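Following this line, the structures themselves.
Each of the two complexes below includes chain A, the first together with chain B, the second together with chain C.
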Partner chain A sequence: MSRTEIIEKLKEILLAADDRNRDKVLACTEDSRLVADLGFSSVSMLYMVIAIEEEMNIRFDNVGASDFETLGNVVTYIEAKLK
Partner chain B sequence: MEQKRPNRAKLFSLRYLVYDFVKASAALPGMIWLRPRWRFESKAARKFIRGGALLIANHSGFFDPVNVMFAVWYRRHHFVCSREFFDSKARWWFERFMCIPIDRQNFNFGSLREITDELRNGALVSIFPEGHINDGSGDLSAFKSGPVLIALQGKVPIVPVYVRPKERFWNRVTFVIGEPIDLIARYGRRPPMSEIDAIAEELHRKEEALKQIAYQKRR
Partner chain C sequence: MKWQPGEPAPGDMVRVQIGSIFHYGVYVGGDRIVAFGLPPVPAYADAPDRFLVTETDMDVFCTGRIPEIAILDRAERRKRIPPQETVKIARERLGADGYHLIRNNCEHFANECVFGEKKSLQEEAMFRMWNTKPVINVYLGEADRFALDFPVPEARREEIEACSAQSMRNARIANWAILRLAARHSFSLDPDDVVFTRKKHGGWDADRFSFSFSHADGLCCVAVSNAPIGVDFETVEGIARRYDAEKLKKLRARCFTKAEQGAYPDSVEGFLRCWTRKEAIFKQSMKRTFSPAATETRTGAAMTYMLGETPRIVLSLCGEYAGLARFYRTDGNEITPIEAEGPLNL
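Moving on to the complex of A and B:
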């Protein structure tokens, strides 16, 4: 799975999780900051991780909510897990 | 039809030795000191809590975990507590009391898994959804939405409990037990984040309603 495909999949997951930030999610890039730009809270971060685990069949290690600053960090983590 | 929930907690286990000993030793002095009084929101709330469940309660003082243990005296509680307590000298006690530490600044996925594993194994996990001791004015702080997500992930009902603490030493403690809220039965699958925030507000309203019951004069 390429980085672009992962981002597209992430957008799908984020829209299904919370459509209140629809425009921001559709316009997000790898540089988008999860908290400052996309309005994530620690709970929505957990929600995203649970959804990613289910959708992409990977398991996140014991990482904290603040370990991912940008969407790019999440993509890198997923990419490494999918290898 | 009521969902059958697993309860793999053993009647006796070395894991619970300290917990059960302290609980049994403190039962009589605690009953004399607290002189607890139970009230129930409805007939359904009177049923014993069996299997996995997430208990939520108001948090107005350091003594609240003890109060909550008395409120649902027939179960062992796994309290979700701040990691700072685990970094103190009291760590041994927190471990024996099966507390689950969470980092409030950086909630990690390992803690979430630990809590949901306990719930899925049939344990009763107790949490204070205000996230901290409230200001003591009697008003409840806003509820965090984390407990809602935990209950959904653990696939267990939420049991709201309100504790009216002693105001003076001769007062009695009042526990109000609310009707369990089964989110899985209501939604089937995990609802979107907006709904989870709405459920947290609903739980806050429910806790306010239980508070009203706690402060009602007995007829």
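Moving on to the complex of A and C:
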């Protein structure tokens, strides 16, 4: 899965986790920051992790959602897990 | 104020440690120091000027101990009397008496010469131990009521201005505005005199009290205390709107410990009682990473309160006085006490 494909998949997941900033999520890029740009809360970050695990069949090893500042950080983590 | 060994300059406050107490003086230049009384050591037990303001050589003041110099912080540097004026004040007091071990000692004298006010941290510490009154106050307010038209630390201003999510930007501005109100209301402090520094894990710290922020669904909350504090809240309506029963079940499975699974009611409110406790415990701990599943909430470290009808707020506090919290609503500069239900059991 390419980084672009991961980002597109992530948009669906992010909207399921928290749809309060729908327009921003749809327009997000790898540089978008989960909290400062997309307005994510700690609960929505946790749900994002759960949804990524289910959708992409991976497991986040002992990392918290707070370890990811940008969407690019999440994509990099997923990319490494999918290899 | 910090203390470190070094060469004093005229007007500096200097101290030496003698047993469990400190002896203070004001360096006046030329290896001379003015202090209220001689150091409390046997060699001076019979000296006639042992309780008078006296000028001596540094050797007499130090009695073989290493002197420490007061390093003033920014707020203290603003407040201090110019050093040459301090030297003049100290020398004008030579020969003065009226020494009192608790109420008028060498530390009061040195502070009076440097800051123009009699003050003794040793005395304050003693009274604090006798009179410590727990303070734990929680202030809630709307997030969109404030403009960034008040002083904030530069690094915080950058954090606020870097927010493109309007809800987050509003919350960060409101939290700081409410924090300033809280400093005045809870501790009678001018917020401009409070020194804020960034903590290692990225949060913020104040030199005069402990505080913690939370925000959700257009509301902001600031908790302040004279003991380390962590706060978190969510609204029942906000969580219920975003997470249906199936999603909540997944959240519980992922972040509750096995014992917590059976301990909290199977409802949005039950989920939030546990979740907000976890967040409050994390915020008080000053750890860098939040690991919800590894944070046990049934220890009594955090306590939960319910506030309001619509929205229904679930709020948890972690801190020494968490069970004694008082709650206030802010509207502009208006602060009104509000009722809270709690602290609640699991």
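Keep this in mind: the second predicted complex is superposed on the first by the 83 of 83 C-alpha atoms of A that agree within 3 Å, B and C clash if a C-alpha of one lies under 4 Å from a C-alpha of the other, contacts with A are read in each partner's own complex, and residues count from 1 in each chain.
The criterion applied here is as follows: a contact is a pair of C-beta atoms (placed from the backbone, for glycine too) under 8 Å apart; a residue touches a chain by one contact, two chains touch by 3 or more.
Model, not experiment: these values are computed from the prediction.
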item	value
Partner chain in contact with A:V35 - chain B first, chain C second, else both or neither	second
Touching partner for A:D19 - first (chain B), second (chain C), both, neither	both
Partner chain in contact with A:T4 - chain B first, chain C second, else both or neither	neither
Touched partner set for A:Y47, first chain B, second chain C, both or neither	both
Footprint overlap on chain A, comparing chain B with chain C	18-20, 41-44, 46-47, 49-50, 62-64, 66-67
Sites on chain B touched by chain A in the complex	103, 105-110, 112, 144-146, 149, 153, 190, 192-194, 196
Chain A contact footprint on chain C (complex, rising order)	159, 162-168, 216, 234, 239, 242-243, 247, 250-251, 254-255, 275, 279, 289-292
In the complex, chain A residues that touch chain B	16-20, 41-44, 46-47, 49-51, 60-67
Touching residues (chain side chain A, partner chain C) in the complex	18-21, 24, 35-39, 41-44, 46-47, 49-50, 62-64, 66-67
